[in-house]
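Shared between the two complexes below is subunit A, which pairs with subunit B and subunit C, respectively.
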Partner chain A sequence: MSFLRHLRTLLWLDLRQAWHGRLVHVCLGIGLVFGLAVRFALPVQLDLGDPPQVADLTEDGRFAEYFAEHGLAEAGAVHGSMEALEVAVAADPDAIGLAMTGTPAAPGATMILQGHEPETTVVALRSGVAGIWAENGVSRPSAHRLTVLRPDQPRPPFNLSMIPLLLTIDVLVVGFFFGGVMVLQDRSLGTIGAYRVTPGGTAVYLASKIVVNVLLALAYTALLLVIAPPHAVPVLSLIAVVCLSSALLTTVGIGVAVFFRTLSSFFYPASLISLVLSAAMPAYFFPAFNTPWIRALPTYQAMFTLRELLLPSGRPSTLGEFCLAIGAGLVVALILTTLAVDRRLLREA
Partner chain B sequence: MIRQLRALLSKDLKVARRDQIATYTLLGGILVAVLARLFVPFLEDVQVTYAVAEGVPSGVTSTLEVHGRVERFRDREAVLARVIEVDDVVGVAAGEDGVVEVIVEGDEHPTILEAPGLAIDAEMAARSGVVQVAIDERSRGSGRTPLRSLILALAIYSAVVISGAAVGLTMVDERENNTLAALRVTPARFLHYLLSKIGLITLVAGLTGPVAAWIAMGGAGAVIPWSAIIVATVAITPLAWLLGLLIGLVADTQLVAFSALKVLLVLFTSLPLLGFVDLGGFAWLLVPFAPHWGVQGMHAAITGGSMAPAVWTLVAVAPPLALVVFLLARQVGLGRARRQRS
Partner chain C sequence: MIEVEELTFCYRGGSAPSVRDVSLRVPKGEILGILGPSGAGKSTLQKVMTKLLPLQQGSIRYDGVSIDAYGRELFARIGVSFEHPNLFPKLSGRENLTCFLGLYPPRPPERQEDPDALMEAVGLGDAKDKLAGDYSKGMKQRLVLLRSLMHSPDILFLDEPLSGLDPATGERVKALIDDRRRRGVTVILTTHNMVLADKLCDRVAFMHDGAIVDIDSPRALKLRDGDHTLKVEYREGGSLASALLSPSSERDRERLDELFGAGLVETVHSQEATLEQVFIKLTGQALR
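Then we have the complex of A and B:
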């Protein structure tokens, strides 16, 4: 009972501190801006790849229809000569040029590359060229069969697919910063000195900071989802993911912050940790980017778990797995941070 | 004036050394550059992962190894379990009818859906004597991807600009521990205070820019356009002043400083990315936005483009910087003691 009483008292003080420190304003303000951006500003569809620049230089012009069917003519990517194709490729440092030449009896093609393309891309292009000829006159048997596990599953709208990413960035990365900054603020205001002579212990101190950050994370999440509702909002599962993720990163933030005296000295190490946590973001847009160290980041797990909750794709849920992993991480972080807070903060001379 | 300025700068340097702020600021910029350099190759060559079951012809497996990364599994069930994980992995299993089965989820990027089948067909066609396409490959000889130039520019720009943040945070420290109140009863004037702050930022930013560029662009042996990098760094440094002074202006506690940083870092380091996207009719919105010109200036320095964006950075940063300096002068209030005496 005394734990709860102490927690209530400290929690009230921390909430006031968060309010006066404008953390609440910034959290809700960013939630509002991001929500409005997702709802009204971001496009529903976004193709991240540029179409190739092409030219049909065969005598019978057999690829004209094929290029039109694939939207290349409409995109202005079809050129009438090799010279025009070369100019187009030179104008865009991302472009790849492809000129189809020859006849079905002697098929040919010229690929104009920028020179920075990885070997795997070049190899795939060669297969692609053979495939285009196979659809336009060169007879070859198909040696494969394509099995699509979820054929009726459309890709989610681009704007809504940003929600899991925005939640991950602000709930996890900011939770990490907020926890640390609150400790440093206590230190600079002398609150730590006063707290040492109260009956509240390390557990109450940590719990109060975690609860404040979890509440901020939930408020941000709720605001974002109210403004830009995704396909599904499984409330309990969402609360579990947000609470566990925010608690974990807040605890880690506090554990790191106790080793610093001021926000200015904490800022850079914390920014670097945030930068590493953010390294998982490209994988969200290019899921083939799946190196083991990226997959091990908690932000990677959180992004995709949130995506599955809010924009279900039919994959088996990873919620249980995620909660177990984050829960285990939280237990370890709590033990280490409790030790660090106890030794370096609350017993400091 | 020089004596006052030297005293204030010396105090700031001592504080920076005591709290290791200067070290962290320099190391921060350098580590941003190191991370950019390590991270870019992963992004430039994102290889598709193929989950291949036992029994798939060895010719197909070796073809897929050329096209991407191959993970081997004992049977089709294990391949299916791997394919349905959250990342994009293409499954390949031996079909009962001798045809290779390519397994995808359906929401992958179109190139990932088509590429493995095309590769397998091409390989099998080559083995069965089907007429082959004669491909002539020409290279324009460009060694650096646009993505690499963009990330390097953003990393070097960020390393320079965020050096202002640490000095801004020390201004908040000064307010919290009453150093500023103590300065008000000294002959120090606002100009000395301002010059000491921007002097420290300039010192750190001036070192960080070239060092970050050297590391990010390849280190020893790399061809680095030094003069352009230095011009861009000089143009970006007032943005670091603006960031630092803004934090000092709006924040009276560390918590408020962090809240301000949360918003300012988005403005200074994330929004300028919009300059690399086709905004259509909204592109004019970026014209008065100095961070946009800062990133474009560094990008031009790296790619050998025109340095006009660097000049525009200086033009665009001047009005907000002047306003912040004006407001800060009123808020800091240094020089009152002298005025009162006179």
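Then we have the complex of A and C:
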């Protein structure tokens, strides 16, 4: 009972400190900006750039209809001669040109590049040329095949697919950074000295900071999802993921911060740790980053568990595994951080 | 009753103990002043006594119970006031007094402190709702002192409670501390302020190089270890001169006889030794 009474006392104080320290404003501000970005600024589909400039220089002019069907003629990207094509490509530093040449018996193409394009663009363009010939009746063996595992599942719009990523960023910022900042604020004001000589102990101190940050993370999540609602919002599962992730990262943030005296000395190690935790983000876009150590990061696990919750792909749920893994990590982090707070913060050096 | 026996404390990596073989007995309701220059070990002694530093050697007992037997509930019995104000700047003065109260066990109504009355008592009545960050240094100092009283502790540890206060406000704070003593609160007061120690403390302990070199009431210390002097004003070549002469010195007595014999003496005032003089005599070092 006294633990709850102590927690209530400190929680009220920490919430007021978070409000006066503008942590609440920053958290909700980020939520608002990200929510508005998802809703209004991010495109539903990614526009991969301007269409290529093209010319049909084949003997039978067989691609005229094909180019029209793909909207190239309408976009003014079809040219009548190699010279005109070269002029058009030269006029736009990001443009590439493609002239289809030859006959069905001897198919060919000329690619016009600016010169700065990566090799992958050239390779892709070569494959594209073969594909265009094949689509237009010149049968050649094609290496391209597309297999869709769950063809009935709607593909999430690009803007909504960013929500799990943005929620993970929040958990990282609010949890890790804010946890550390709250401790260092107590240090710089000297109020930790005043707390040391009260009956409130380490557990209450830690619990209060964690609860404040979890509440902030939940407020941010709610704000973001109200502004930009995803496909599904399984409330209880979502709360579990956000609470566990935020609690874990807050605990780690506090555990690291107690080894530093000032915010400026905390900044560099905190940035380094944030960078490591952020290493999970590229894996969201490029599966090549999906290495075992990145998969072990709590941010990676949170991000993909949130994606499955909010934008279900039909895969089996990994929520149970997530809760077990993060829960175990939280227990370890709590034990270590409790020791660190007790030795480094609540006692004199 | 506070009992400290043969307490020694050495910081990790320290070449010599910061507190050496300190023994004290402080009965309930006494104000004990701990005096000494910076680095004498006063703060370290207070930190070990308030469990902020671990007990390495020796023993401390509060009402016969070893400090080792106490958990954090010890802090419900003691109140600690700091020299450097550590307040929440964005909370009002009154909120700073009450913000930690929920951490203490509930007190019976007759032992509950009224924050408004306390603030009035030390001249902060008009600043109750002002943000603590806007307080002057002296106001913050008073607020920190009041916060240490809010849970009605049995023992008070006060570090330089009059630091930064004007004489009139200092008198109000002294009256407040004296009032707590009358209610049976034991006060351990760490200070450089000789006047405060002399006026307020039942006993003072002089600390030097981590050890207590003497402990007694201010009066007894001054009588035992201080030199009484006479301030003599006399005529010399048409103008007025003055000299401090000690009756215990044969040479000074002869000089006094000489001045009286020549009829040159205009005024004579006796001067009692100060605690600072006693401290210098005992340690060979000034207090600051």
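Basically, the second predicted complex is superposed on the first by the 242 of 349 C-alpha atoms of A that agree within 3 Å, B and C clash if a C-alpha of one lies under 4 Å from a C-alpha of the other, contacts with A are read in each partner's own complex, and residues count from 1 in each chain.
One rule holds in what follows: a residue touches a chain if its C-beta (ideal position, glycine included) is under 8 Å from a C-beta of that chain, and two chains touch if they have at least 3 such contacts.
Keep in mind that what you see is a predicted model, and the values were worked out from it rather than measured.
Applying the stated contact rule after C-alpha superposition, one finds that A:A68 touches neither subunit B nor subunit C. Once chain A of one complex is fitted onto chain A of the other, the partner contacts of A:G201 are limited to subunit C, with no touch recorded for subunit B.
In the overlay built on the shared chain, the residue A:G108 is in contact with subunit B alone; subunit C does not reach it. When the two complexes are overlaid, the chain among subunit B and subunit C that reaches more residues of subunit A is B. Of the two partner chains, subunit B and subunit C are each touched by A:H20. Touch criterion met: A:G193 reaches subunit C, while subunit B stays clear of it.
In the superposition on chain A, A:G128 contacts subunit B only, with no contact to subunit C. Look at A:R347: by the touch rule set out above, it reaches subunit C but stays clear of subunit B. Shared-chain residue A:T9: touches subunit C; no touch with subunit B. In the superposition on chain A, the residues of subunit A contacted by subunit B and by subunit C overlap at 17, 20, 189.
On the side of subunit C, the complex with subunit A involves touching residues 47, 50, 52-54, 71-73, 75-76, 78-80, 82, 84-91, 99-105, 144, 147-148.
For subunit A in complex with subunit C, the touching residues are 2, 5-6, 8-10, 13, 16-17, 20, 189-191, 193-201, 204, 347-348.
Subunit B meets subunit A in the complex at residues 19-21, 24-25, 27-28, 31-32, 35, 39, 42-49, 66-68, 80, 83-89, 95, 99-109, 111-125, 128, 130-146, 148, 162, 165-166, 169-170, 172-173, 176-177, 253-263, 266. Chain contact summary for the complex, subunit A toward subunit B: residues 17-18, 20-23, 25-26, 29-30, 49, 89-90, 93-94, 102, 104-116, 118, 120, 122-124, 126-131, 133-134, 138-155, 174, 177-178, 181-182, 184-185, 188-189, 261-265, 267-269, 271-272, 275-276, 279, 282-283, 286-291, 294-295, 304, 307-308, 313, 315-316, 318.
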